[in-house]
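Chain naming follows the written order as A, B, C, D and E, and within any one chain the residues start at number 1.
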Amino acid sequence: MEEKKKYPKPSIFKPLRHLKYLFRKPVSHPLDTIFTEKNAEYLNKNNPFRKNKIKNSVPRTAPDNIRGFHVNDWEKCIGCGTCGEICPTAAIEMVPRHDLPRVAGELQQRPVIDYGRCCFCALCVDTCTTGSLSMTKEYVFADSNPDSFKLMPTETWQDQEVELGYQKTEVTDLLDLKRVEMEHIEPEERIKSYIEVVRGYSKEFAKQEAARCVECGVCTASCPVQMHIPQYIKAIWEDDIEGGLKQIYETNPLPGVCGRVCTHNCETSCAIAQRGEAIAIRWLKRYIIDSAPDEMYEKIFNEPVSEVIEAKVAIAGSGPASLSTAYYLRGLGYHVDVFEEKNRPGGVMSYGAPQYRIPDYAVEKDINFIKKIGVNIHTNTRVGTDITLEELEKKYDAVFLGTGFFAARKLNIPGSDHPDVMGAMDFLPITRDFARGAIKLDEINVKKSVVVVGGGDVAFDVARNCIRIQLEKYGKADVKLTSLETLDILPGSDDEYIEGKEEGIQFFLGNGPQEIVVKNGKIKGLRVWKCTRVFDEEGRFNPTFDSEQETLLEGEQVFFSVGQAPDYTFIPESLKDKVTIERGKVKANKDGQVEGLDWLFVGGDIFRGPDIITAVSDGHRAAVAIDDYLYTNAKKKEQSEYVKEIREAIRFNNPDLALKPTRKRTLN
Amino acid sequence: MKEMKLFLGPQHPGMHGNASVHMFVDGDIIKRSYLLPGMLHRGFEKQMERKLWVNNISLIPRVCVPEPDINEMSFATAAEKILKLEVPERAHWIRMIILELARISAHLMAYGGLGGPTGNYTLMYHAHVDRNLILDIFEKITGARVYHQYIVIGGVRQDLPDGIEEDINVFIDDLERRLVEYRDLGIDNASIVKRIKDTIMLPEEVVWELGVTGIGMRSAVNKPYDVRKVVPYARYDQVEFEVPVSDYSDARARLDIKIKEIQQSIIIIRQCLAKMPEGPVRVKPDRGQSMRWTVPKGYAYAPIESSRGEFGYYMVSNGGTSPWRVGVRGASYPQGLLGIEKYLPGTRIDDAALWVDTMGICSPEIDR
Amino acid sequence: MTNSINNLELVKELVSKTTTILKEENIDVQQLAFEVNTCDIHHVLSVLKSAGWKQLSYLSAVDWPDENKFEVVYILFNWDKPVYVQIRTKIDRENPSIDSILPIFPGAKYYEREAHEFFGIAFPGNPDYEKQLILEGWDDIPPLRKDFDPSAYSDRKFPSREYPQDYSVTDEKNHSLEKRAERKARAERLRTGGKKQ
Amino acid sequence: MTIVNFLIGVGIALFGFVLQTSIGGINRKIVGRMQKRHGPRWYQEFIDIFKLLSKRAVSHGWIFDFGVIMALGGIIGTAMFMPLTNQILAFSNNGVNYDNFFIFVYLLAVGMLGMAMSASGSGNPWASIGVMRALTTMLAYEVPFLIVVLTIINLTNQSSLTGIMEYQQMAGNNWFIIAMPLGGIVGFISLMGMLGKKPFETYIAPAEIASGPMVEYGGKQLGMLFILHEISVFIEVSLFVHLFLGGATNIFEFLIKYFAVYTFANLISNVNGRFKIDQVVTFFYKWPLLMAVTQAVIVIYFGWVI
Amino acid sequence: MLSTKFTPKNKMTKAEIDRKWWEVGDYFRRNSLWLLMYCTGCCAVELPPSMTSAYDMERLGMGPMATPRQADILLVSGYLSLKTLRRLIYTYEQMSEPKYVVALGSCPINGGIYHDSHAVINQLDQYIPVDVYVAGCMPNPESVLNGFVDLMEGIKQKTMNGWKRYHDHFEWYKENQKNSLGEVIVHDEFHQ
């Protein structure tokens, strides 16, 4: 009874209403929107009655974000392999393509997709670091040969230009393009002292930053020492500081320093930097060092390193190159003596870079470990005066020179001989000692207003040091910085520029200094011309100026930070003609072995330059080369398995020459 | 009389999906029967444990093929429950549109599936035409017709494309107008009513015994036991809709509810389109690149009202980059396995296919 | 919803009266989880069932090889007082066995069979639990245990396709990619195997 | 009975086959239209049949093979007796037409039996169920149908189809479907049953019993079954045309009537579902039987013919 | 279309006339392909649209068939679990010749998303010969229909010889089947 109320009465006539569709147009897709040209041709031929029924057949145009087959823009692709990593079906394989040029930030490999696996989820597109991979609107592909489903995506699909379908957008992007904010000390605060500007990551932030890494490893090739970057970042992410420390010390004996002041080519070539902010590789390294307790260091070498080879090596200088050589030679089992002229080891690390970038405790932490494994460092011993090179040659089986560029260079313009005109390398060690408290404030010659010439990191160091000293001395700062290069080609790093600006440097970029105006024995300022170009068409340094656009930068003092120079006075006469010096650098083979003087090795600024990490790599190569040179003839003690292992590791990790990344500047 | 062995499926036009109902019949009456599942077994729960959180979105829709979105939704909500993640407002509404469209599509498929066992293929053809239109809409929104991979942890994968609201409106208006045609061909059709009336009964006590949910339960207990009402997820508490119920659960009542639910889904979609705010549609569950997303330790069960009943993912995370354990509660599990074993016997062979069809049995979610 | 909070309280009271709760979690406003002793499972379930939680939504197990335990999970639901209740209990991983709940929830029959098939948990009291349900001719340890590696099983039994196409262009002298791979492998060996994520 | 008669008979069977196959194809297009699509090519059914014949056969023993041939032979034999119009008829001798209705009833049974034998020979349980159902359905629709036909025979005093045709044509084209509306309806419903159209398709029922009797047929045997099916449809539809629609005086009239009947049955079939086998039987034994008996009573006892 | 190494042998047809007949038969065969839909996996869900009004496969003379005996094409729609493969081999061997196999989706080619699953096979052509593969996960109806036309074209060019290959290499196929399945025979309560 109730049921009748509930449902309409069933009827045998109601369904017959459907007969109305006999007079309606069918909704089927026409054949010419289904078949490909080839198949439509077959169907036409096959039809005995109407031979040209299907004309201009193309499969239905798909909507805009359909996930069809892949295309890959090889111009953009860097072969990072992230697509293959994320692929839930393991369909993407990276194949070596050695026909591609080998450049920094790129790997010589390209993805190949197995359509017998692909599930068209487009996660590869979403995660593509460069945005080169995208999906097309093509979705028809059938074949009777199962082996033909492995395809290499190129710009075209089946040699046809096709419309793109699914592409990544900001919303779908699976990468984290924003760097985890590093805590800075505010400019107002930091210019009052030499406290380190960057605070370093906390554990939580370090893990977050580490989580951004896609582990592609394009960075390693541009790192001069080829550190295990993705692996130690992963170690941070997995909270394995010890593992990370071990990985770092395999290739870099100065991580605490490099974690602060490295030129970070790795970040420049970082795959994430293609579209976003690079992983803060440098700071992550610093995080590992900062959070590794001293006792953890002992685990890097499980056994004390002992001298297993009876050969001695002397090292002149204690800069990065020297310390690196010393570390690796020690690891290889040699007796190593390091001679340093100043009273602190570290060279540029202790006397060049400013305290607010790299505090002493960080340098000491690194050097202490090197000392601890048995490297003897003799400070206040200048090679050439306290001990001559000839003596070293006699006493030691090999000598490594890492004396660096420690002399200041000045521009030869009118007025540059004024005593208030200073070179950066004369000034910076003083500031460093000042920061340590070894020098009184009054002893430093910094005037109320200064002009700094130069656009490199060193120029910024000078300028920012000046600000700090001025503030302490006079209560206010006035620092102008001028350089030939405009912002887009400024050699200094972005961080320096930003921080310098925050701290109050006044920028006058793109100007060439012409004259230091001196009146009454006092500097009035620097006269500059607008620089029209820095490099000529061939890319050589060849600046031209526009004399019409002239400015006078007022200041009582001028600092030149236009490069440094070596000091080869320690080389005795007997060797002078055997050592070739070209453009201030010693000529040697790839590993730093001076030709003709097999026992003499060089590294660092005097060999290759220009930065700390390259010096470390020189040191590593030189250590291996010294080992090659000495090992066969030296007397050896019995080696434990562990020592063999270390030797093998050091030799295995001998770095190749790094690829130089081209820098993409994000600032404007 | 000797028992005769018969099997419905796996390769059988009356069986939806790849499963087999083994029947021991006496004449036309089924004496003993059981479902032989596992033909679609892929080891899903194991696979999910082995895949990253982000990779899982390409895997989960495959658990239930006719209505893949509920899997995505259930997976996403379970993870969001553990993460305590707040999804953007707009994403909730988009999710509801997707889920309701998917419900309509699944109901149409099931209702059209009535055409198989009863032989009314015209009904099936019409239902599939409309379902195909939904797939086209899905393709426009998500980029794929069937496996949308659209609802992700933290929202939806991307915003709705421009002009899709109009497409949806045109479609649902047209569908609403033609629901009466579906009734004409199906449940108001005298020849089909003969097949579906007073047969394939599901009494209330059986519902509780088996644990049947969804339409099966609501048609028997006469109460709006719908997860969307009872445990609202997304923004179902902010839309108005009715839950059609009945107190006499034969095949006809269940099919009738299906049609009414299509009607209600249309109403929900209209409200969603009207109420949907602008704004972001996705938040990332964690910092870092997707392969290193983690979900903290925890347990969660996320029930979703699918077209066949309560569908849920039981998720256990141990704080890693992949789920530790994901259990899938297939909506058709109770009626599909125990139901066929206990309550298919006694019906006729003719009813077996219809039984499978109207109870809402989806073999991939049983097998996983 | 105030109502659901009352319901949560109700469940908490009910369970705490019945048994000792080892662990309690509020998953959200309509979901609760309790960990109880294995011996109390039947009691808790029957109390909850008589209080209205008469739908068994899910039954399965979780493998915790580190603790050498299986965790059996029962999820109950009450449509009138909508709270999902997870009841969990840990049982030994060696010879796992837990009494069937068939007398309380007849619908658990196939869930238990499946749990036996995938984890190897015995359910005495369930007449068919040892029959194969989903797998056919299985010849390895139960596949959902953590120590089962489906990839290895698949490699052993089902060959993968070896495509003849070779898209690579290689240079005899260029070993950069191999070197990279070697270095990577080396770096990974150095890891101390710290806390795994 | 000469060889010429025999050749004409074969010709009629062939004509029937070609006719029904073409109309079947056209009907597939029409039904497709109702289902919002274009449907296959009109000659698709020919291609299907020839394809089946070109395939290799799987045999399930000699009963299986022989049954098919016997069924096909039986049905061709039946078709040979079928008049197309009141002139075109294979076997007639001096005004005596050998197209007695009962010939068809019995010869059709030969075909059915052959098929039943063969299908049972395949050993597939679905086939046995299908055969059982087919025979049950036959029993169900034959009873009301025979009652109506017997009424007609009673009314016209002859059982020759040509005779019945001429009877209708003589009385001012007073077709029996109009003269005896109840009987006409019963006839049409029974025709649907004979044709195996829904709602009486129970014995094929792909979704229930996997095509029933045909489950084990493939290749050549299935091709023969298809031919058998086409010819038997031709016979059944022609029977209805001749019995209720006044037959045809020329071939075009026959074609039109044939097409109309078949299409109508097909269209109805395609918007309906199928009954269960017990429902088929109860259905036929309820309304059609009642109507048939009523019609018989009306016609025979009251003599009310419109 | 890449050719397969098994071209039709003249030996089989013996005489020219037989070949001509075969070609005539091919015309009918390729214009009336009946599908056996074995819904082995997910791709089956795109078949209803291709068969029903939206894409109307009947225009090509194709249609679904209920039993393996009647069908020409075995349509493997997606991944194959072990349990399915056993039944698929049964089904394939029941079909009457000439028979063709069309495999949809990634999974029959190389395992697809289930390549490391313990229950799903990776390559279908190890167990039964496959004539056409259609890529996609899942393939759109257009892809499916284009795949079928590829098959028709292949039949015309006599390259779709999977069923002959199964005869010629029967031992090889059987061995593969045994290696992966253990045994091809189905054992369960029902079949005993």
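By our rule, contacts are C-beta pairs under 8 Å (C-beta built on N, C-alpha and C of every residue); 3 or more make two chains touch, one makes a residue touch a chain.
Bear in mind the structure is a predicted one, so any value in this text is a computation, not a measurement.
Under the contact definition, subunit B and subunit C share the contacting chains A, E.
Using the contact threshold fixed earlier, the set of chains in contact with both subunit B and subunit D is A, E.
Central chain (C-alpha centroid nearest the global protein C-alpha centroid): B. Relative to subunit B, the most remote chain by averaged C-alpha coordinates is A.
Each chain's centre was taken as the mean of its CA atoms, and the one lying most distant from subunit E is A. When the C-beta contacts at A-D and at A-C are tallied, the pair with the greater total is A-C.
Taking each chain's centre as the average of its CA atoms, subunit D and subunit E sit 36 Å apart.
Distance between chain centres (mean CA atoms), subunit C to subunit D: 61 Å.
Between subunit A and subunit B the centroid-to-centroid distance comes to 51 Å (mean Cα coordinates, whole Å). For subunit B, residues that reach two or more other chains under the stated contact definition are 5, 12-13, 38, 41, 43, 46-47, 50, 58-59, 122, 125-126, 129, 147, 185, 189, 191-192, 367. Residue numbers of subunit D whose C-beta contacts span two or more other chains: 32, 34-38, 206, 210, 271-272.
Subunit E has residues 31, 52-54, 56, 59, 66, 68, 83, 109-111, 113, 115-120, 123, 137, 140, 188 in contact with two or more other chains.
Going by the touch rule set out above, the chain pairs that meet are A-B, A-C, A-D, A-E, B-C, B-D, B-E, C-E, D-E. Here subunit E touches subunit B in the complex through residues 36-42, 44-46, 48-49, 52-54, 64, 66, 68, 79, 81, 83-84, 87, 91, 113-114, 116-120, 137-138, 140, 188-190, going by the rule given at the top.
Residue ranges on subunit D touching subunit A, taken from their complex, read 30, 32-38, 267-268, 271-272.
Against subunit C, in their complex, subunit E makes its touches with residues 82-83, 86, 109-111, 115-123, 126, 179-183, 186-188.
Residues 5, 7, 10-13, 16-18, 22, 34, 36, 38-43, 46-47, 50, 58-59, 62, 65-66, 109, 112, 124-126, 128-129, 131-132, 135, 145-147, 364, 367 of subunit B are the ones that touch subunit E when the two sit in their complex. Contacts from subunit A toward subunit B in the complex involve residues 3, 6-12, 14-15, 17-18, 27, 62-67, 85-86, 88-89, 119-123, 126-127, 135, 165-166, 169, 171-172, 174-176, 180, 208, 210-214, 237.
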